[in-house]
Every structure is written in structure tokens, then in C-alpha cells.
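These are the structures, in C-alpha cells.
Each of the next two complexes has chain A plus one other chain: chain B in the first, chain C in the second.
Let's look at the complex of A and B:
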């Protein structure tokens, strides 16, 4: 039982954490909470199965093509659903525009791919058992992403430019930073991270159009728990969510496992609305 | 002679009145084709079923017309693809009943679309045959012209329960569903039915279909001493996870339930083909092989005709084709024997007894428009699919 809780819990948690980071990367660049995050995760599985299983591409080519498609989707999201509503952020029009675009992606996938879950190919000849790739691949992807982002943000000029526009985009523009191009790059990066989550988690979750809304929600929970904009918080929150969900699955089972997740989520938000790693927003009085 | 505008209008009005009162109608009716409105889902998520049924329907219409039609009148099948969308089914039904004035409707072919379209077809007073399983779709008081030539959900669940309790002799049963409306409704309907048959339901649960790990559910079932598992879901992902996990736990408990257990989508998600052993989905006696690999004589003869007609069977199911073949023949028999008005068609159907369809034997009465016989719903071996049909599950005679 413990082995199953830890293996599935950490693997699922890593996928949720990566979707949480996808939300964060888009949010940092635009202050927009884009509901396309879960859809990029869903597409990671669907496109991976399409490229490798149906089109017969080598695994590495299919992997790169999937991530590239994620980057393109991120750019389209920025152009179509974010840029037009940036001037009126306070009206929260992005909720409608990104949600509508997410639903379009989901419906298009259902029509063109399938409404039935499809198998995802085995990528490496390792497993089955505890060392099955379906468990460790998402964890490796999550670790690589968090290390890569830390390196990008702290050690590179472009990473610091990302942080600058996340901190204060007016000041960043005044300094001559190309805010629009940096925002597009952030959305492309978010698309890559989202599809990476879906690709590495697809053997466990299958290539299924219905994973989109699920990842949208369970990817949002670590962001809310860890604090908006905190990638480390999203990782801790995601892994905790995965472990808790799997424990509830074993202890109470059935529909009550999902209820238990919602209850804890609401209690944490009531006790600490800014999340565990987020800072309380200062209000000028 | 000069014709004034008033005279011309009077003449036109008189002609129109003559046509409207039907003075010439019998002559026209004798020669015009019989219009059957047909609402298959040929594209979209439900299209695999729709395409299979369509092959049988087209064959039946072709055969009837080639044999001279119905008393010399050809059948004109007016088709509207519902695209697996209830809204389009409603639009198609309205167009067929009002613009095309069809004499009778065949379909819609799935329950979601039929739930939306049947009230409209009934309101327009058009007789309808459909093959949809949702119990509420026939009601002789509410829809006196709507008839079903397929089993109800009660019959589907009843056959699975009968197999578990009376043939497998399993007394301790675990029933699990997904959290969809279909899943939870099935659980609510079939658990009391199982108990009334004398079985003990040792575990019941509704689970999120997307949950990637169903091992906790199976461990609880095993701990409760389940001798059979009955999953109610049409989600191939959920069903395949149950089958895979059962095999990985090296637990050889039988899994008995809905037709999706034996679908190609479920098969594609199994980690090993042998995991499909001891999995028994619903099917239909007339379209199943017996233990010696033979189809019933009526069905075997039908399969020969399908082959001669060059109809593809490898990518579909025999019962879908058979079901599609029976629909137009039920309509043709009613018009041939009774006439083509709604009252004549429904009057004939209300008295149909033991009608020998390829898919099922149909008996309708004025009080019961569910014509399929419960005894013809059976369980089959999921891993035995050959040319669109399965072998009967162990324990059935004949």
C-alpha cells in the first residue's frame, strides 16, 4: 500500500506541479491566469501518442515535436487571448478569453483525435514495477524543469529580464526591455512545460481529451497552496496534493477521495489565502 | 375566350381545394415512394456504432427495393447525419417530419439523441422505431407511436446479473461504476436487482473515471471476498485499468458488465492481450457463436448475404449490422400488411408477436413497446471476437 501511495502520489504530484508552474510562468509575464495550462498538459499526451504511435516518429523526434507544438500553442494563446485583453486586466476579461480558447482546444481534440482514451507508447524499456517509467519520468521532468527555471531566472540575462517584467512591467519597459517579446517567450516556455507534463505523465493518465479540465483544476491547486507566482511553492504543493490524493484514495476511496482533496484545499485557503510560500499582499492605506 | 384575373384566381383556388381535399390522393399515393426518415450518427464520437448500423440499414432497403418495393412502391430513405450531436438530431427530426413529411422514422440510433428527438417526433405524429437502451424512451401513453427494437437498460443489467448469480454462481459481488450519470444510474438500478436475486453486494463504489490508480478499489473488493466484479461504465480507460490491475494483482476474479468491456478501445489499452481472459461483456444471443463456433442458422444465412453484398465486417460488430437490417424490415412489413398512415403502422406494430429479426425476436403490445426479449441478452467472452461476433460466455446452453 505504502509503495503504491508513494509511487503514484509523487508521479501524479509531479504532473500537477508542472501544470502549476505552467500557470505561474504565464502569470508572471502578464498577470493573466490562463486556463489553457491544463489543455497544454492534455495535448502533451495526445500529441505524443499521435507523433510516436500513429505517425511512427522516433521517440526523441516525437518528444521534440510535441514540445515545439506546445511552444506554438503558447504563442497563439498570447496573441489571441491575452494581448487583446491586457489593457483591461481589472475587468478579468482574460477569464472568458482563455477559458473559451481552452474549450476550443478540448473540443477540437475530441473531434480530430478521439473521445476515447488512447494508449501512450512505452518510451524506454524499463519496468514494470516500482521503477516503471510511468512513475519516475514525471518526477525527473519536474526536477529538470525546476532546476532549469532556477538557472534561467538567476543566471541568464534573459531570465533576469523575465523577472523584471514580472516584478514591474512599466519600469521594465522604461528601461527599454522588449516587454511584448518577453511575454511571447514566456508563453512559449509555458507551452513547453505544459506539454512536458502531459507527455511524461501520459502513460499513467493515457492520451485522453478529458484530461484537460482535470489538469486545469489539479494544476491550479498547487498554485493556490504554494502561492501565486512561486514555482518552488507549486512543486511542494503539487507533490503534497498527489500524495494526499493517493492516500485518500486508499483510505476512503471512491468519490470521497476527491471530496477529501476539495475539503483540504478550501481549509488551507481559508487559513492562509496567500498560500504557504506566497507573501501577503500589502495594501496602501 | 378572354380569362379575367378573377376567373383565373377562382380556377386556381378550386384546383388547390381539390388537391387539399384529397380527391386525387390515392392515385398519387399508389405511385409515390415511401419516405422513411433516418437519423444515424455517421460522423462524430458515436459514429462507429452509427456506421455499423448504417451498413445493415442500407442492405435492407436495397433488398426490399430490388424485390419490387412494398406493393410496387420503392422505399426512399431520407438520411440526416446527426453528427453524434443531440441538437443536430432534433434539427434533422424536425426537417424530416415537417419539410419532407416522412411517413415513418428510423432512429435516432443512440440514447442521447433519442432523448432529445423522440418528443418532437411524437408531437408531429410520426411513427418511430429506435434501438436505444434508455428505459424512458418508450412509454405507450406518452409516445404511443414510438417503438423499440432493442433491449432496455434494465434488460442489459438483468442479463449480467443473471449470469453472475445463476450461471457463475457468485454470491458475493462487487459493483463499481464511474461517476457519470450513466454509471451512477446503473449502480442505483442494478444493485437492488442483484440483491433481489439473492446475491450479496459486498462492495459498491463510484470512482472518477480518470483516476489512474484503481488498485485501492480492487484491494477493497478482494478484502470483501468478491467472487465477481461488475463495472458499469462506457469509459474504456476506466475499464482497462480495472482489467490491467486485476491481472497485475494475479487475481482471477471474473469481470462481468457492459459491452464496452469487449470493445476494441478497451483491448488497445490492455497491457497484455491475455489480461482479457475471464472478462464477459453483454451481447446478444442471435449474434453470438455457440461453444462450437456456430452462429444461429438465421444469422449464419444473414452473414452469407452480407459477404455476398461485399459489406465490410472486420471493423464493426455483427449486432450493429443486424440491428440496422431489422429496422427498415419492421417498417416495410407494417406498411405492406397494414398501410402507410400513422394509425395503420402503429396498429400493426402493436400486434407484432415473435417477429423473427436477425438481431432479436420482437413482440410488441399496446401496453409494451419494448419488443426485445430479455432472454436474448447474453454475456460473451471478450477475447473471442471474430468477424464482428463473440463466443457465448461459459455456462450458456446452445
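Let's look at the complex of A and C:
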């Protein structure tokens, strides 16, 4: 039982962590939290099932096609809902525009795909058991993403340009960095990470349109608790959330587990609004 | 003379304002009473549903439309109210209650949970609050599904039936219509009160709101209580209309409908969201093939509104702000009218900074600054850009906490990092870039300055008791006088985002005067004014100070500083470079070299 709590909790936690990173990558490029983060996660599962099960693509082709769709979705998000409202960031219009776009994605999926959860194909011919692929795939995806992002940010020029924009996009633009192209690239990258989370987690969570808002919330919790913009915070927070949720699930039942998560979320945020890893920023007057 | 000049337009506006406030009530009343004449019972169901939705949306409107808090999961409170009413009426869990009593208890539950969901909004950024309301909505539905012994789980519970005289469908319709009218009237009262203005100030000019003494947490808690209560009541009515409720009845789509109705209607309006609610409720009924796509279309609508017409229906209906303003306007302050606004407390007060230091990262913004501002004097604070002038103002008004040293008023230390306490201490200020509510009229902007003088409570304003009406008359009168003092009374009813930059600076001064301040901090009031206007501004500032107010004037116009200041302090790199009378400063060699130029 303990093993099942741990493996299930860590696997779910890895998905939450990846969605948290999706939020962070978009936030770093634009200071915008986008409601499309959870939707890309949901689409990772739905598109994977669509490409592989319904259209009969080979697993690897379906996988690449899903991630590509995620990148396209990220680019559309940037052009349609973020760029037009960036000028007036303080009015928080992005909350509304990204929410609207997220709802459009969700409704379209509900109508064109299904409102019922659909099974997701098994990806690898490795048998069931405690170390089932549905558990370790999201964890591998999460680890690979973290290593990949670290490599990108620390070792490559384009990664350093990302960091420069995240630190101070005004100064970065003054230095001649193509801020707009980098922002588009960030959104595409976020789309890829989001769909990767959904694709690898889908055998566990199924291909279901309702996963969108769920992932939006549970993916945001680690970001808020770990400090926004901090990918390490998101991973630690995500895994902790997954374990906490599964333990509570086992001890007090599924519903009250969600209530417990919600209560912890609110209490922590009220006590430490900047999260555990984040530092309080001075306000501008 | 002066009374004649100001009271007539004030009376006229109050009439106009009352008509504006009544318009939504009248629209709803006429439409609502006419509906049964069609004799179509299905139309009655749609009408009832629109009324129920509006009961909820009217309260949510104060949260979303006025306070600008993005509450997207409000359906959770509808769900809660529906289950509380149904479960208490059914009598399976507790002794059976009268549906009316159960409805009141649903309102109570709604109020409590409204505050719980709202708590994060008091401290956190916008997106966090949107997320917590979303999370709450998800969880309430899950609890309703799982708590089978009480809610019946997926099977559900029967909704309440309201006994005589509202048992028939049309009877129930009139019950809902009555409550909808009541909510319209109450929220219109709040909108036209100092609370409504303060909510809009929190939305559009939060920093300025704090400076006039508006406490955001206190105000938002009241609004969440009210908004939650009406949402709970709406839930009870909804359960009765549905006659049987399951968790499926409360989809997130409903939440989106409520939220979008407000944005389509326009923020800061009552009539707009009312029309928005009616349209969104009725539309899918008359376009049956669209039902499956309705939420998708709402989302498209939301995107279009955010990107293309942020003002919503209300802006389309706002005819009076399309009339052109007079082209060649001049600001002619009348400082002689100040007498009625002056500070009643004439005891000689002193505002002192002692050894104040503050760094941002590695930059020493102010370094061991000691400063004394006396009542009845104009104290100039000058220095090159980045020398710490505005930071000094921000320390005095409590936005920043000094790392060393303290600020004293009448010998007592002022609380650091508590800007909303300054207004009550008689410290008023203006800002380097004017912080006004663009969507509100000039008069309303000035009235915000007097927020702390209001005596009526939120509940009194809700039902427009006499103290609320006295407050409004008093504030409008005082604001008109303040506008006459700065010479802008002819623009009192224009939307303030139509004014020129220079005029906005004078509006800010008028707002600050509403506090009858003991100390007035002015941050570059002359920037962008013409030479003639600067001279008039100088006279105005001088008169204000001679009434007993201590003025701290941050300015770059050397002429103005040397004309009107009693004492001048020169800052450089956060340190006092020189301090003394204007004559001494003008002769100070270092100051001339560093700043004034030879």
C-alpha cells in the first residue's frame, strides 16, 4: 500500500510539477500567468489518444505530433492573448484573455473529442507491476525536462537570452535582444512541456477534457508554494503535492483530500504570500 | 456668492445621479412586470432564471466590476446555497425547516464562504485569487458528489418549494423578481456611496486609495460578505426552480456566464451587467442549435471584449461623456474659497524625519536624512533626479519603511509601511504621475479624498438610510468647493480620463484638500504646467500653507521654489547637501555648482 501511495503520488506530482514549469516558462518571458498551462496538459493526453488510437499513428510519430501541436498552441497563445495586453500589464487583462482562450480550447475538446474520459494507449511493451510505465514515465519526463532546461539556461546562448529577458526585459531589449521572438519561443517551449506532461501522465489520468481546469489548479499550487518563476520550487512543490494528495486520499478519502489540498494552499499563501522559495519583492509606488 | 456657485450644480447632479442609480431598477421593474402579460409559462421560467442569476451577479458585480477582483468560480457559492436550502428543507439531516428560514441560512453560509474564498484577495496578486476561486469551485462540486449521506451524491436532492404566496410558477417568479429588484437597489446604493467609489479606487488607483485612508482588506471583507450572501440566496432560489438538484446542475459554464455578463455589461456599472445577464440567459433559449456551443461562444465574446471593447455595454450607453469639452480651458484657482476647507486643528504641529536611511539593493536612496516640516510653512525639497526626493515622500506617507530612523508627527512616531493610516493623521499627498480613476468623474475622484469623513456604515449605505444621504450631500458639497478652490468646478462632471495632464495635477490637489490636511506633500505639482499656471499654483500653495497647513514641495522649477518656500532642503545622492532660507540656498556654492547651475 505504501509503495502504491508513493509511486502514484510521485507520478501525479511529476505531472503537476511539469505544469508548474509550464506556468513558469511563460511567466519568465512575459510576467504573465496563463490559464492555458493546464489546457496544454489536457491536450497532451487527448491528442496522444487521438493520434495513436484513433488515427493509428506509430507511438513515436504520435508523440512528436502531440508535442508539435503543443508548440503551435503556445505560439497562438502568445500572439492572440498575451501580446495585445502586454502594454497594460497592471490591469491584469491577461487573466481574462488567457482564460477566454483556455475555455475555448476546453469547449472545443469537449464538443469535438468527448466529454467522457477515454483510455490512453500503452506506449511501451513493458508489462504491468509496481514499476509500471504509467508511474515512471511522468517522472522520467519531469527529470528530463529539468535537466534539459538547466542545460538550456546555463550552457546555451539562447538560454542565457531567456534568462536576461526574465530578469529585466526592458534592459534586455535595450541590449538588442529580439525580445518578441524570444517570447514566442518561450511560449512554444511551454506548450511542449505542457503536452509532454499530459502525454506521459495520460495513462494514469486518461484522455479527458475535464483534466484542463484540474491541472490548472494543481499545477499552479506548486508554483505558488515554491515561489513563482522557480522551477526547482515547482518540482519540489509538485512532488510534495502529489504525495500529500495520495496520502490524504488513502487516509481520509478522495474528496477530503482535495479539501485538504485547498486548505493548505490558502493557509500557506496567507502566511507566506511569496511562497517558500521566493523572496518578497519591493512594491513600486 | 460662493454657496450659489457651488450648490446649484451639486443639487442638479444629485438629481441626475439619483436618476442614473434608479435606471437599472426601472428597467428591471418594467421588463419584469410586463413579462407575465405574454402568458407564456416557458417565458416565465426563463424570466425567473434571469432574476435568480441577477441576484447573484448583482453581488458579484461589486467584486468583479467595481473592486476589479477576478472571481471566476462564484458558481461554488450558488451550489452551496442550493444544497443548504434543499437539505435543510428536506429535513433528512436536521429537523425540517421552513424554506424561507432555510433560504436565510443559505445566505448566511454564502456570506461566510464568500469571505473564506475572498481571503486570498486581501493579500495576494490577482491571478492567485482567480485560481483560489477556481479551486474552490472544483472542490465544492467534488464534495457534493461524495458526501452522499447529506447531498445524495450523484442522485441529488429535491429542491425546496416556497409555500404561499409564492407556490405557483408565476408567484415564484414575482418572488425572484422582488429579490432581484431589492439587490439592484441595494447595489446601486453602494455604487453611489463612498464604498462604491472606494472599490473603484482599489481597482484603478490602489496607491492613491491607500493615501486617502481606504483600507482595502476592511472594505473587501464587507463586499465579500454581501456578495456571498446574495449568491447563497440565489442558490436557494435556483434549487427551487430546478426542483431537483444534482452536482451536474452546477457546471463551471454557469460561473463563466456570471463572470462574462459583468464584463460584457461593463465594469463599474449596474445597468450594463443587468442587461448582460438578461441577454446571456435568454440567448441560448432562442437559438437552440447553439446550446452546445454556448460556453465556447461566451469565451469568444470574452476575448473580443477584453481585446476590443473593454468598456462593455455601459460605455456604449454613456452618452453624456461624448459631448465635447470646451477646447481652450484655463485653470483659475480661487484660493480665497479655502476658508471653508481649512484644517480645524490649528495647533502648531511639526512633522520630523530623524536619521532616516533606506537602500534599495546596493543603492542608498536616502542616507541619514533629518528634516523638519512646520505647520503654516512651505518647505521646498529639491535636488537632481535620483537624489531621493520622492523616496522621502514615500517614507513619510508610509509606503516604504525606513531601515534606520523614524518619522514623527507631533512628537509621536508614525507607523511605517501603513500608508492607509496617514489620512487619519492629517497627511495628504499628490503623486508624480497623477493617480486618478480615469473612468470616474472629476467630482467623484475628489470625493474619494473625503472617504474617511463618511459616517454611514456599509449596511446603512446598502439601504440608503439618512446618514448615507447626509454623507453623500456633505461629500459632494465639499468636493465642489475643493474643485472651485483649484479652479476646475466647470469640469466636475467630465470623466477624468478626458482631462489634460495639467488639470489632473490640480484634481489631485483638490482630492488632497478634502482631507483638510495638517500636512500636504506635493510631488512635482508644476511639471507640465504653463508659466502662467505655475504662478497661480504658487499662489494657491502659499494660501494653503497660510491657513495652517505644512506643505512639503518637491519640485524642479527653481523659480517656484524660491518664490514661495519659507525653507528649502537640497538633497544629493540621498544626503542633505544644504538647508536654509531660499536666499541662503541661492548663495550656496555647492548647490549652485551641483544643481542650480551658475
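Going forward, the second predicted complex is superposed on the first by the 281 of 285 C-alpha atoms of A that agree within 3 Å, B and C clash if a C-alpha of one lies under 4 Å from a C-alpha of the other, contacts with A are read in each partner's own complex, and residues count from 1 in each chain.
Here is the rule we go by: a residue touches a chain if its C-beta (ideal position, glycine included) is under 8 Å from a C-beta of that chain, and two chains touch if they have at least 3 such contacts.
Not measured: the values here are computed from a predicted model.
Participant: Should the superposition on chain A be reported as showing a clash between chain B and chain C, or a fit?
Facilitator: Clash.
Participant: Would you check which partner chain A:269 touches, where first means chain B only, second means chain C only, and both and neither mean what they say?
Facilitator: Once the two structures are laid over each other on A, A:269 reaches chain C alone.
Participant: Once the structures are superposed on A, label A:81 by its partner contacts, choosing first (chain B), second (chain C), both or neither.
Facilitator: second
Participant: Which chain, chain B or chain C, is in touch with more residues of chain A?
Facilitator: The partner with more contacted residues on chain A is C.
Participant: Is A:28 in contact with chain B, with chain C, with both, or with neither (first, second, both, neither)?
Facilitator: Neither partner.
Participant: Is A:97 in contact with chain B, with chain C, with both, or with neither (first, second, both, neither)?
Facilitator: In the superposition, A:97 contacts chain C only.
Participant: Touching A:184 in the superposition: chain B (first), chain C (second), both, neither?
Facilitator: After superposition on chain A, A:184 lies in contact with neither partner.
Participant: Pick out the stretch of chain C that clashes with chain B after the overlay, from 79-87, 151-159, 169-177 or 493-501.
Facilitator: It is 151-159.
Participant: Hey, what residues of chain A end up touching chain B and chain C alike?
Facilitator: 111, 214, 253-255, 258
Participant: Could you please specify the touching residues of chain A with respect to chain B in the complex?
Facilitator: Within the complex, chain A contacts chain B at residues 1, 4, 8, 12, 110-111, 115-119, 128, 204-206, 208, 210-211, 214, 246, 249-250, 253-255, 257-258.
Participant: Name, in rising order, each residue of chain A that touches chain C in their complex.
Facilitator: So the residues of chain A touching chain C come out as 33, 80-81, 84-85, 92-93, 95-97, 99-101, 103-104, 107-108, 111, 213-214, 216-217, 220, 224, 253-255, 258-259, 262, 265-266, 269-270, 273, 282-283, 285.
Participant: Which of the residues in chain C come into contact with chain A in the complex?
Facilitator: 68, 70, 72, 116, 119-120, 123-124, 126-128, 130-132, 134-136, 138-139, 142-143, 145-147, 207, 252, 256, 263, 292-293, 295-296, 298-300, 302-303, 306-307, 310, 360, 394, 399-400
Participant: Contact residues on chain B for chain A in the complex?
Facilitator: 44-45, 179, 205-213, 215-217, 219-220, 235-237, 240, 248, 265, 268-269, 271
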